[in-house]
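A, B, C and D are the chain letters, set down in written order, and residue numbers restart from 1 in every chain.
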Amino acid sequence: MGLDVGWAVRWLTLSAQAMAEHRVELIELDRPIGDSDHGENMDRGFKAVMDKLAEAPPETPGAALKLTAMTLMSKVGGAAGPLYGTAFLRAATALGSTSDIDAATLATALQAARDGIVARGKAESGDKTMVDAWTPAIEAAAATAGDGDVRKVLLAAAEAAEAGAVSTDPMLARKGRASYLGERSIGHRDPGAVSSALILRAAAGAAE
Amino acid sequence: MGLDVGWAVRWLTLSAQAMAEHRVELIELDRPIGDSDHGENMDRGFKAVMDKLAEAPPETPGAALKLTAMTLMSKVGGAAGPLYGTAFLRAATALGSTSDIDAATLATALQAARDGIVARGKAESGDKTMVDAWTPAIEAAAATAGDGDVRKVLLAAAEAAEAGAVSTDPMLARKGRASYLGERSIGHRDPGAVSSALILRAAAGAAE
Amino acid sequence: MKKLINDPKAVVDESVEGFGLAHADLVTVFPDPKYIVRKDAPVAGKVGLVSGGGSGHEPLHGGYVGMGMLDAAVPGAVFTSPTPDQILPATLAVNSGAGVVHIVKNYTGDVLNFETAAELAQAEGVEIRTVLVNDDVAVQDSLYTAGRRGVGGTVLVEKIAGAAAERGDNLDAVAAIGDRVNQNVRSMGVALSACTVPHAGVPSFDLEENEIEIGIGIHGEPGRQKIPMENADGITDRLLDPVVSDLGLGAGDKVLLFVNGMGGTPASELYIVYRRAAQRLAEQGVTVARSLVGNYITSLEMQGCSITILRLDDEMTSLWDAPVHTPALRWGV
Amino acid sequence: MKKLINDPKAVVDESVEGFGLAHADLVTVFPDPKYIVRKDAPVAGKVGLVSGGGSGHEPLHGGYVGMGMLDAAVPGAVFTSPTPDQILPATLAVNSGAGVVHIVKNYTGDVLNFETAAELAQAEGVEIRTVLVNDDVAVQDSLYTAGRRGVGGTVLVEKIAGAAAERGDNLDAVAAIGDRVNQNVRSMGVALSACTVPHAGVPSFDLEENEIEIGIGIHGEPGRQKIPMENADGITDRLLDPVVSDLGLGAGDKVLLFVNGMGGTPASELYIVYRRAAQRLAEQGVTVARSLVGNYITSLEMQGCSITILRLDDEMTSLWDAPVHTPALRWGV
């Protein structure tokens, strides 16, 4: 049993809920090492995604993710908008017109999302960005995909992303706004890594 | 024994000391019903008077007061500058070239000072201004002048001025900056009345 | 109190010195007694315009010295009117023989000091006219008070009278147009925070976290009343309505709408106030023919704004549009 | 947080709407997607200039739309770069066929969003050049960081590139002069207080009563280091010295000295900073040939300032002097 468009819509819906719930927390994380807007940006973006989904319900998971990509690109702004936009766009492209996502395709799509973020933002692992959530997530996804269980893949990815977000605490930022702070960025968690983990946790939740 | 130029210089010196000592208090009084500058203005003005006195020691009490008038007018600004300037100028004129002031002349000079303030500022008794210190002061001076004791005249004037300053507390301001506040001016003491009382107390102190 | 200053007693000296350095092409600064004069003053045959007042309202008045506006500005200590020994030489420096207009905001101190200076100047043979600005509707206009304060309208009086002088109007005509602007202009202000006079070191009044002060002047003096914080539209209405009704504005009137920042409020917020005011005026059939939005007459770093409305006629409009070239206001040249 | 706003989420909408009402003679505001266009755009044969970025820096960028400067400005949410769906139509609206220059401050978000918009515009047949502004010496310029931020220099790039476009320079020439300005301009800023983003509701960083933050950017982001409060001359030196040494300024150089207020600092204090900076430059034999003092690129209501220096050559000087007519910068017309 793979993942269908219903899962995709549930995923986005749970993501939107997570952004609304964690809005203040993400703003707070963006305050000491950024400009206090990440939670606001993500919440605004996913609210817009919800509106779009209601307007024109997508027929395939790929269509849902493409619609998400376009909406985030046009509504979020900042660094996160283009990065998440590219991630969802690449994932949508990887999925093509499939209506039933198996574990291998899922892992490939997640990998495509991560690669999109890296291609746009040029960050490497350890630079204290959302990449530090996504890279362990796709590694965990790839490692579990062989079992053929999409739920297991998503759970592994979510857990790895959460650990990845925590791992940004001691890092010195080398990309994004936090990099201006140099040494003073150490000891703070990267907001984009946290929102990434929330989104991947939502993906797992949607498959329950 | 009347008052000579030594008394005048001591008066101005004690006034300058009083303005420096009460600078913050006068600023604080000017805060709720004015613009927080009366202490600063008076301190600046009397410091300048001290400089002038040192540059060209005056020969008569009248000359000392005239020099004070010109200096206050050119250094104090605000409402207090022209008002005190006029007061000292009129007193100087009343004294003429006398070098020995008797009680009657003293009372006349104080009256001239008060009248100068009223002529310039158009305030009446009860308007919550320095006039409310000066009017009782000259009345007390006139009442005691008959005894011929200049010290007694000055002490009476100082005491009356101090009581006059206190009497401004319940008044509703009708002149100057405090008048903008209407009812809200009630319950505050007028800073100009307090500085007037300090100056008249200094006059008495200088005659000890 | 955190300020970009050195010695609190040197604030005006150093600030005016820096102003003179930055605008040496337009003005000459005399340090002691302190006044600021248009570079090419006295302009032959032209009526001179002098204004002044306490410092802390920058760019008023020094920022308005130049072609088409003031010939001289006389800065006092912070929030303290200047003294006759400053006003007199400034007046003499800009007198070309055509006489000098003093533009005086209606505060006891300003009035008394300019009065003395005018007497002294007249004694030296200079003809003086005084335009008193008293546009603040927050203050009751009554024989039994110091009367209304001069606030935002001052900028408009200086610009329009300045243009009249520049085009060659004579002394009485310049004073008359200044008076006409004053008669047709009203203002009201609000403070969201107090300001701190450098030599005082404490805020000029106290406001709770959720309070604002309606009807403030420009000297950090408390206003008409404290009220709980409201949103921008509500505050705008509280400022606009008394101004509109005091002017008796109605359908068909043409006005200049001036939203002024008190120093610590960002431009973005002033435009939110402007938006509401413009919408309300449009609803009432009043045409906003000219606009001015920004920090033009301030109270140090106070947060807040004032709304000023001038009822325009054709002459005032064309004098407003006339070229002006000063450090703080410039167009047409 | 006390602000003259209504709904925190409507701040940019309402502010830009008010801006459009106040300056309807100069600009047209498109509400959704939001961008601001010069009234007479596209100007036949002229290269178009588009800039944009997060809101909260007013008058940047909308205030610089008009003759001789920008053709369009694209305001994002507060401190959040705008999106391609705003930048693209703004770009198309000002393209006369001569191509469009994007002036982009070097922040990851701005760079990525303008990059996408440029790709989309090119796909529609519009030639695009991008001028990246990165003048902030507070940030280490390194391959391993996001690089230096674009701050005060942006205003000068927009003015000078705008003048080049206005005189008819072609696309490459306009981009080249923009790059040249960027290569010759450096800035550094200080905050005496933090600002509060409306939707966040709390100050963007914490400062003790006796602390200041050196090396801040314009997004309420913390700076290079917190230090105890100093006087204006000391703070000025801390900003000026790294700018001067990074530019390698020496005797004989001619510069434009730009003292910028962050939004909550009064003009009088900016002139105290200007005074010190001008004196120090004079001591070093550097000629201050042009000056700009005021709130031109701000951080909401933050207290503080930045110092920007541009090393001038004759061409940049004459392009600086060229007429400009925008809501926030105007001369020569």
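Keep in mind that, in the parts below, a contact is a pair of C-beta atoms (placed from the backbone, for glycine too) under 8 Å apart; a residue touches a chain by one contact, two chains touch by 3 or more.
A quick note: this is a predicted structure, and the numbers were derived from the prediction, not measured.
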item	value
Chains touching both chain B and chain D	C
For chain C paired with chain D, centre-to-centre distance based on mean C-alpha positions, whole Å	29
Centre-of-Cα separation between chain B and chain A, whole angstrom	76
Centre distance in Å when chain A and chain C are each reduced to the mean of their C-alpha atoms	54
Geometric centre distance via CA averages, chain D-chain A, whole Å	32
Multi-partner residues of chain D (each touching 2 or more other chains)	none
Sequence positions of chain A contacting 2 or more other chains	none
Contact graph of the chains (line, ring, star, complete, other)	line
Listing of all chain pairs that touch each other, if any do	A-D, B-C, C-D
In the complex, chain A residues that touch chain D	27, 31-37, 40-41, 44, 73-83, 85, 120-121, 174-177, 179-182, 184
List of chain D residues in touch with chain C within their complex	2-7, 11-12, 14-19, 21-23, 55-56, 58-59, 63, 192-193, 209, 212, 229, 231-233, 235, 259, 263-276, 278, 288, 291, 293, 295, 298, 300-301, 303-305, 330-333
Of all residues in chain C, those that touch chain B in their complex	33, 54, 76-85, 107-109, 112-113, 115-116, 138-140, 144-146, 149, 197, 199-200, 202, 204-205, 217, 219-222, 224-225
